[in-house]
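Each of the next two complexes has subunit A plus one more chain, namely subunit B in the first and subunit C in the second.
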Partner chain A sequence: MTELKTELKEKIIEILNLEDISISDIDDNDALFGDGLGLDSIDALELIVMLDKDFGIQLTDPKEGKEIFKSISVLAAYIDAHRSK
Partner chain B sequence: MKQNVYIQSYCHIKNHSVSLNGNTVFYSDDTEFPSFIKSAAIHLETNYPKFYKMDNLSKLAFLAADILLKENNPYSDKTDNIAIVLSNKSSSLDTDRKHQISISDKENYYPSPSIFVYTLPNICMGEISIKHQLHSENTFLIFDKFNAKHLHINAEFLLKNNKADEVLCGWVDFDDKNYEAFLYLVSENGNIAHLPEEIEHLYHIK
Partner chain C sequence: MKKCYIHSAVSISAQHSFESSGFELHSISGKKVEAIHPNYKEFISPIALRRMATGVKMGVAAATKALQIANLEQPDAILTGTGMGCIEDTEKFLNAIIANEEEFLTPTAFIQSTHNTVGAQIALSLKCKTYNNTYVHGALSFESALMDAQLMLQQNEATNILVGGVDELGAEIIDAVRLMEDKTSDGINLPFGEGASFFVLSSEMKNEGIELIDVQSFSAISTETIHEKIQEFLNLNELSFLDIDGLVLGNNGDAFDTYYDNLIAHFPETIPNICYKQWSGEFYTASAFGLFVASEIFRKNEIPQNWFKNKPSKSEMKTLLLYNQFKGRDHSFILLRRC
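This part shows the complex of A and B:
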């Protein structure tokens, strides 16, 4: 799980072009949206594409995303339970 | 109705250099646009994390606009009434191509939302408006080449019909590795007459 969390942080920094943020800056329980990393709605769409492309997870219910993208810990646990890649 | 309006200030970004009112404010030996524009944004204290998420055209327009608006309206209470009239030749072609690549392989079909949102040239005006809280008129025009006459007509109409207090005008073009921004602010302040020949002259300043 620790490896997956690190992988997710790397992907998020790269895919979302988070300048001047390193893996160590992101706590496993930091909020990804709002006051945490400050991601926006387009970032959320990029994360949904990432889940499909890299982990074979297709989100069909937008409400599901709100819960899944709460933090790196929550996201990693969801991927671990549902991944097909 | 505003009687006399002027070109208050102008900014060029081209040939890996940034100038304000004809004076170089940043120069880099780096000929690659991504690293050049990043260095320029840091040097000119843009301090805007979302800058790094923008496409090339928006970065170019945003930085030139930010320099002009910070220079001229640091404490203004009417900054939300600055209209924007921009133009170019290549529209959003640079980003359109990137989007096309992302959808060309049907077996690996993952279009990127953050690329797709920039597949219109006028998005760069939205980025400027968000940062500077502008709730104003905006227009993006496509021409074969820089067209001072049309920019002049549009700005005069907006100002003389009280549609805006100031107008941010210019040319911002990006295609392949070629880039050029020439933005200028038209207002009731300044010394340069707002005339097509003056706009043309300033555009050609090296």
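This part shows the complex of A and C:
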């Protein structure tokens, strides 16, 4: 799980071009949206595409995303349980 | 009809032109030359900056500084010219379509790949809801924006307008164009470049300002009649060849430089002239850098003699004529006068 969390942090930094942020800056339980990393709705779309492309997870219910993208820990747990890649 | 004045001129280019104090021009070489980028964090919030491609960053930073110098918070219009638009994100987006077999398309590059992204991002950063237009007409893109601005000011539809030209190199298409140019012996003989030059134009005169007297463009002119067109343009503004103190020209070393040679032949032999693309490289809105160079000539207390072929003999330059064309098409004349 720790490996997956690190991989997710690397992907988020790369895909969302978070130039000034390193893996160590993102706590596993930090909020990704709002007060934490400050991601927005366009970032959410990028993350949904990442889930589909890299882990074979298709999110069909937008409400689901709100819960899944809560933090790295929650996201990693969801991927671990649902991944097909 | 109101007049049109240039209140500020800012350029990000292959030169150290963005620096506030006087800058020295240096020669450039190679197949393509990137712009010298300032610290964008001084002008753009980190949240906005992370999504911006090179052209958007250059455009927003140059526009922001142009407004600062002109002491203007909100322009009455934002007019942008770009030949290739946001080619960097267009390439990224198209490559992603191919790589992912038309699946998994991400939004950011697509959203920012449109030609009007620069004008839109400037407006967003200023929260400016006034007239905002982007002109995409090859090598006349910047001039089209300039003409729109001049018309608005003349007709009293606006008092202060932000106008600029921006193009970025991108990563791939430019290399294909370079290969095609290099295949012929009379192709473009300068590096391809990139840059953003923005200006605040105003109908209000300032002391020691610059007046934009006139702008004209033509799709096509023959090499034999270029001087006639210039003469008509000068006559329209009650000037003759002898009234022009210097020429600012868009030579790029290709076979179509004969247009510039034919034009110079009709001016006095000693007419000082500048070929600005040797410092900026060639790109569709390089003429905006040309206008920046002309503005700098007026702004400097002393004429930068070493910029010119044929050193200026007069102690003061009052009237400059800018001429640019691309591949024998998209001809533009810009006439400037020191107030």
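Annotations for the structure displayed:
Definition applied: the second predicted complex is superposed on the first by the 85 of 85 C-alpha atoms of A that agree within 3 Å, B and C clash if a C-alpha of one lies under 4 Å from a C-alpha of the other, contacts with A are read in each partner's own complex, and residues count from 1 in each chain.
Here, contacts are C-beta pairs under 8 Å (C-beta built on N, C-alpha and C of every residue); 3 or more make two chains touch, one makes a residue touch a chain.
Because the structure is a prediction, the values reported are computed rather than measured.
Look at A:16: by the touch rule set out above, it reaches both subunit B and subunit C. After overlaying the two complexes on the shared chain, residue contacts for A:46 are found with subunit B and with subunit C alike. With both structures placed on the common chain, the touch criterion links A:38 to subunit B and to subunit C. In the superposed pair of complexes, A:84 makes contact with neither subunit B nor subunit C.
Contacts of A:60 after superposition on the shared chain: neither subunit B nor subunit C is touched. Common to the subunit B and subunit C contact sets on subunit A are residues 16-20, 38, 42, 45-46, 49, 52-53. Here subunit A touches subunit C in the complex through residues 15-20, 38, 42, 45-46, 49, 52-53, going by the rule given at the top. Note for the complex: subunit C touches subunit A at residues 46-47, 49-51, 100, 103-108, 111. Chain contact summary for the complex, subunit A toward subunit B: residues 16-20, 38, 42-43, 45-46, 49, 52-53.
Interface of subunit B with subunit A (complex): residues 49, 51-53, 110-114, 117.
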